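Heads up, the next two complexes both have subunit A, just with different partners, subunit B and then subunit C.
Let's turn to the complex of A and B:
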């Protein structure tokens, strides 16, 4: 009897832990965190402009623009221009896994903003891009 | 009694089959050891670090770390913001874990005999940052170098699995090589 109730308790605990870790961050939470960092209202149009604006050419890797690897249409899969690795679509409508892991989002914004724009993106810019990719 | 006999037969044939596999697999790899990790002469360790695969494999084939020496991995991991022209910055803790894994299994310390030989054959003052710069790699790929070019289906040396059909499981045996041909 004792053993059974112990088992039931362990099972309940396990279920709770699973439920907690399975709760992924939503795009809305991501945007809210940018607002707390000083961003205002997000504009998908501004995000699209950022997505397609070229910042010149790097002699080693080529044109500095998001679409060099992610394509103009974020609903389609892109391709890493050097390694050829397929990059799954960035648009949330076709790839709901996107932007559910805040650490991953920040890791890639840090790398890619520095790569493309030569500096880190502001919370406003990140939010604009996410609202563009989230609203397609 | 009958059942016991049958089990003995099954056990015996299993041993025989395993032994013949070991002998067949040893073809051309004299004195190769078959330990629990199934390390063969051209294979990477069976246990590949999941963080290494997740982070490095996000952009390119997660190369077997035994193919470069300790000093190469330290140099690569020390300059992730300029990683072959790309910004590959990682959070410090993650980068430190990957470096630990890479140096613990680097050429000099690899369980793989070939890795150790290759590492020892690199001149002490050289720090190759690409596996494709290692003299052994260059020598082994002389014949096929013409197939690796910007126009072909294999545009970069980094695309190991395009030709090495079992690269994903850490095996680079010559018998498993199949070079993709361009569509004419």
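Let's turn to the complex of A and C:
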């Protein structure tokens, strides 16, 4: 009995570590590519601020803020505010699938930043957000 | 010629009489319920019975009693012409069974009745996706079958008119009530010694009853409540690009739900897609264009595609499925509160239709039903 649960724990730990290192690598790559585009060091605090800052209310779509669809707590699943479709958690610690596809990441930054902030995000801002979501 | 006293003999055996009046009733009921959906079940039931009766009568035409047999009343064209000339001179020859002209009317009525039911099954398969022919016909073909079904029905009505005229004229010329004869089965016999009209044997009766009892429920079961026998509707396919690019924020709507000009307009307006920005790459756009070309509402064989396409005026380009007249008509009884609920908004087709992703929208796959009092506060227009 003891032996079995020990084995299970070790196994879980090992998978967690591999998963973490795997995403960390891609996240690192992602951040590195932002740095080559001119960004400095990344600040998770700034990322959190961007995540929760409201940019006013649009009469058609509602409040312009990332958390309208994702949540204040990125470890919980969000919901597209208009279509109701469930959005899996954004925090890498609960959802290791996140930010593993650079093309997808860029596509959504393009969409969501323009929709919420009315402009594209800078490499600095993107890196801040990813280090916030990656470090939770 | 030996003179015998006039007597009455049974000409129309009871199965023939029962058949006749049941056929009249089922035809009448089916005709009266041929409108739209709510009475469809009644229409189908009477149609199936009608079909069973026709099948019975064809069998009875071979094994029934003397005057019920085709061999008794299907005459050569020469006899038919001779009989009609006789009628025109007001002294037609009298027949105990059907006269030559009447016999042909019966044969034609049976043939048309058989075709009427057959095309009914085709309509059911094509338009509703039920029954023996489900999956074999497109909705548009089902629609054509419907037109033929109607044409046959009206030819039958015309023939029934002629049949009645014949009955009235002959009744008058021979001074006998032919309508009453179809109730009690008896006719007067004067000059000729009646040859005995053999009563159906138990064996014959058993066959016929078994047939009738089998045909109707079998047809009904095959047609309504079981899945189509050899046609399992796999639904419409969508391309991988479409599923990924259009399935990120909502159900990847089947391209069959809007005409291609609408999809074209949605691609052109992707920078403001109902408040969201799609930011599609040119190559993605091209792949999406290929995904809906040939698979839009104009092209697909489903009822939803056909009805949506025909409800939209040719000079209009709706950008919402929920803006098309057919969609609105079908959902007019769903109240505003439902549409305000994000989890059950208009675009959540899959919330109420289990087969939404496949683009089928079968009645049987609807998993949500309007509450009783919804009718009073309906108005899909305000429900955005």
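In this text, the second predicted complex is superposed on the first by the 111 of 136 C-alpha atoms of A that agree within 3 Å, B and C clash if a C-alpha of one lies under 4 Å from a C-alpha of the other, contacts with A are read in each partner's own complex, and residues count from 1 in each chain.
The rule is short, and it goes like this: a residue touches a chain if its C-beta (ideal position, glycine included) is under 8 Å from a C-beta of that chain, and two chains touch if they have at least 3 such contacts.
These numbers were taken from a predicted model, which means no experiment stands behind them.
After superposition onto subunit A, partners subunit B and subunit C are found to clash with each other.
In the superposition on chain A, A:36 makes contact with neither subunit B nor subunit C.
Look at A:107: by the touch rule set out above, it reaches both subunit B and subunit C.
For the superposition on chain A, the stretches of subunit C under consideration are 128-136, 146-154, 164-172 or 200-208; the one running into subunit B is 128-136. Common to the subunit B and subunit C contact sets on subunit A are residues 58, 60-61, 80, 82-85, 107, 110-111, 114-115.
Those residues of subunit C that touch subunit A in the complex are listed here as 249-250, 274-279, 342-345, 347-348.
Chain contact summary for the complex, subunit A toward subunit B: residues 58, 60-61, 80, 82-85, 103, 107, 110-112, 114-115.
Interface residues of subunit B, counted against subunit A in their complex, comprise 58-61, 81, 84-91, 155-156, 158-159. Here subunit A touches subunit C in the complex through residues 58, 60-61, 79-85, 107, 110-111, 114-115, going by the rule given at the top.
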